[in-house]
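Working notes, beginning with the structure itself.
The chains carry the letters A, B, C and D, assigned in the order they are written, with residues numbered from 1 in each.
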Amino acid sequence: MVTYERWVAMVRAAAGQVRASQDLLSNLDSHGGDGDHGTTMVRAMNCIEQAVEAEQSSSIPALLRAIGWAVMGVDGGATGPLFGTFFMSMSDAAPGDAALDARGLAAAFTAGLAGVQKRTRAQVGDKTMLDALVPAVEAAAAAADGGGSVEDVLRSAFEAARAGAERTSALQARFGRAKNIGEKSIGQPDAGATSVSLLFKGFLEGVRSHA
Amino acid sequence: MVTYERWVAMVRAAAGQVRASQDLLSNLDSHGGDGDHGTTMVRAMNCIEQAVEAEQSSSIPALLRAIGWAVMGVDGGATGPLFGTFFMSMSDAAPGDAALDARGLAAAFTAGLAGVQKRTRAQVGDKTMLDALVPAVEAAAAAADGGGSVEDVLRSAFEAARAGAERTSALQARFGRAKNIGEKSIGQPDAGATSVSLLFKGFLEGVRSHA
Amino acid sequence: MAMKKFINDPDNLVNELLAGFVLAHANKVALAGNKLVVRTHPKAASKVAVVTLGGSGHEPALSGFVGEGMLDISVPGEIFAAPGPPRVFEALKLAHRDAGVLLVVLNHEGDVMTAGIAMEMAEKEGYKVKQVLTHDDISVPSRQDPRDRRGLVGCFPVIKVAGAAAEQGKSLDECLAIAERMERNMATLAVAVTGATHPSTGSVIAEVPEADMIVGMGQHGEAGGGQQPLKSADETAAIMIDALCNDLGAKAGDRLLVMINGVGSTTLMEQYLVLNGVKKALDAKGIVLARAIAGEFLTVQEMGGFQMFAAKMDDELLALWDAPCNTPALVVK
Amino acid sequence: MAMKKFINDPDNLVNELLAGFVLAHANKVALAGNKLVVRTHPKAASKVAVVTLGGSGHEPALSGFVGEGMLDISVPGEIFAAPGPPRVFEALKLAHRDAGVLLVVLNHEGDVMTAGIAMEMAEKEGYKVKQVLTHDDISVPSRQDPRDRRGLVGCFPVIKVAGAAAEQGKSLDECLAIAERMERNMATLAVAVTGATHPSTGSVIAEVPEADMIVGMGQHGEAGGGQQPLKSADETAAIMIDALCNDLGAKAGDRLLVMINGVGSTTLMEQYLVLNGVKKALDAKGIVLARAIAGEFLTVQEMGGFQMFAAKMDDELLALWDAPCNTPALVVK
């Protein structure tokens, strides 16, 4: 089960993963973007940690909402609204107080993705964070449907996210600033997709460390 | 004797000399100055030729005044006022209508120099046009005093101007924009002094061609 | 070439630049709440408020347009990054009034998402808020879908005319209609000749080959595809005004407002030369240069180049453009 | 690095830039005679006229200061070169009136010689003309001889207060006294971080080593000697304001006007950061930042850096600084 404490461990580990890859993320964003994705993500992670620290309730929806709002408050261009919406939409979907089981976790991810998709026209194949997020959420749902554990769900999600992020190397950007360089965007993975993969890596790590 | 026609030939030849050395003059001015001395001098020479063309009288003082005023009108920083003053002050000193003999020519140069010295605090040794102009005028006066011809006067003046300009290589600029680079101004001749030497070279050439 | 900028802590850039900004314009603007830029002399609460949001690093835009006759509040984001929805919602709350609030949004993904979320929240609270989206960049090939046209310096004239209308007491619907009319009739094209660096990351945000210019460069260094050898002021002016007139369908007798917006290191001298070239090109077409303006209004750090803006004007838009204003970036008596 | 500027014929630069300049500010300035910049709304002939002269290439200076409350006429020279005496005399003739004319001259050799010759001619004609010489650059070591201090951006506040006094109908002697009081109480120091090219010759007019800044750089790229590693905004602000306060003998309680004048590619963002640093440094000394202004007023082409100006102000100078004006470069309501 994903308890409140486990959620905290998951997002803290995710923050650690992003922080360790700040320069990589900024470099990926330099190629066609404006080179700030690493900085923005690290600021978002700092806000998440502050929000986690400040959260008084022990309610999972409240925690996820606080995290989403904190991420949105990062003033980070497209990243803040998209990642913020992911957490806030998870919050809307998560039931009252109970810890989430594998299915509940996958359902929350699915709701998060649906929220994100309301904000952007980007589809899989457009070389954005969606290229990692969509397969990750689908893999999570499949793992849960197949009776997998919370850890199975997160491992599947992470692996799918990583593979999805890697696939973006061969793609041409059609959203985000990088779309403006057209074909030249081919050859390196997308920064935002790489971030998604790092978040899921952190979630998995957090759940494992807090078994 | 330096007749009106000979004056015209002298200034035209001077204009030719300057024009042939435009890049040299600008390059010399780049070293500490702003690199425009060649352009400015060529514009001044164009104005001189227009003034010569436009001059209706056959009065030498009127011609010199028109030349001086034309040079001043060139909008050329310090160069315009200084060279313009040289011609205008010669005009003030030249007698009514008569052609100038060697002494008269030297006296006109002396008056021109005196006018210039009213406009600037620069002295010989300060790495400016005065380093060529002062010895040139002194040499002209000495040649005239010694009974030399007009051509002797101009040859002495040119040789002294050239030597004076060459000596500026070793000097440190204390006037003009180049003074701001201090010791670094040593090593190349001064642009304005080089112009003076070219003017006298042209005067000599003009007088010879119009013997 | 390393970044050569006078900065302190790169993570504190926006706070410090805002502190200096209000020092330099102490009689016009002040800070409120969470880094909101507001007027020191607010307009009457009975009048429509005009609010905008957008990344920093483009000074004087966008906060430079706060003041009498233009904006009531600007929400500056981080360098080149839109502010998040919480601060935009805070601004809408602060601006909230019966007359309503017009939110001017430049078409960049972050700005649009942020504005969308903040607007939804404001509507949930029952605030009267309308939005105008500016997308004036004609360099993007697919003209069909206006969502693909970026918002460049056109936000400035839209804010000018909407702000003047609001100051005159026009209703929210009237202000919106004016803003949208300006928006529909305007076009912008950018050209870059030298690159720039991101002041907080130090990374290169645009590079231009030694002998080239890039027509269509976006305002965060996004390339536009129009790479070509550097041309003279007159040639560049003609190429760009032709493209703009074409986009606008401008014909003989039409009255244009033209702006040359220097984006960084291109001098005002050059901007005047280009404007002179525009005049010659328009004269040849019989199109009237009704109003002209040059200067740095929306910059891209130290990038060399400019944005050329043109708009077809009618009597009302001209009168609103000429109306008085008193902001850090523009004062009209 | 080759010159990357939008120009046409390098020999026709000034004509073309003036043509674009009057297009951009058609309601404020016009051309008269031989490239003189005049006001479209002249002041009453009963009031003192204020005139200046100086090289071009520093836009918006100096012609950008022509207009209500500042200059009546400016005489723009060639790029970086003072105009010659004939055109300055023409301006004095055009400005000639019983109330008299104040000629503002920046201390550069060409300008001073030109002004001297033109003044002598004007006096021969019986015109009433007085001159104020601005020499605010404190980078030149020999403070003793003020003739060695260059005229930098300090001309702008001198023109502002003298122009305001003239507009108010003060006499020539009063205007001169005000201009000279401003002049005596002001100081400027420049810093350069990147170089520039001469737009007509294409030659490099200043070069700054990769990791350095040069404190004391003149406005035509003349070096000042203060080469040192590039510092932060706050450190640079402190070094420079210390030097200025020292030169001015400013002490706790004194009221300063401080200007950050961007000279080319240094962003307004950075100028605000530096201004914020100045405020911190002055607070520590108990000196009052009475007025502050940032922006590009006197530029040096695309050079990176800025000029920091400070002046000790009294009540009258502050009131004149705050007085309304309506010029291309500055509008005060």
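Everything below uses one rule, namely that a residue touches a chain if its C-beta (ideal position, glycine included) is under 8 Å from a C-beta of that chain, and two chains touch if they have at least 3 such contacts.
What you are looking at is a predicted structure, and each value in this text was computed from that prediction instead of being measured.
Seen from the Cα centre of chain D, the chain whose own Cα centre is farthest off is A. In whole angstrom, the spacing between the mean C-alpha positions of chain A and chain B is 77. We define each chain's centre as the mean of its Cα atoms; on that basis chain A and chain D are separated by 54 Å.
Inter-chain spacing, taken between the CA centroids of chain C and chain D, is 29 Å.
For chain C, the set of residues touching two or more other chains is empty.
For chain B, the set of residues that touch two or more other chains is empty.
Taken as a graph of touching chains, this assembly forms an open line, each chain in contact only with its neighbours along the path. Annotation, chain-chain contacts: A-C, B-D, C-D (touch as defined at the top). Listing the residues of chain B that touch chain D in their complex gives 26, 30, 32, 34-36, 38-40, 43, 69, 71-82, 84-85, 119-121, 175-177, 180-182. Taken together, the chain D residues at the contact with chain C in this complex read 1-2, 4-8, 13, 16-21, 23-24, 26, 56-57, 59-60, 193-194, 199, 208, 210-211, 213, 230, 232-234, 236, 260, 264-277, 279, 289, 292-296, 299, 301-302, 304, 306, 326, 331-333.
By the touch rule above, chain C contacts chain A in their complex via residues 11, 55, 77-87, 108-110, 113-114, 116-117, 140, 147, 198, 200-201, 203-205, 218, 220-225.
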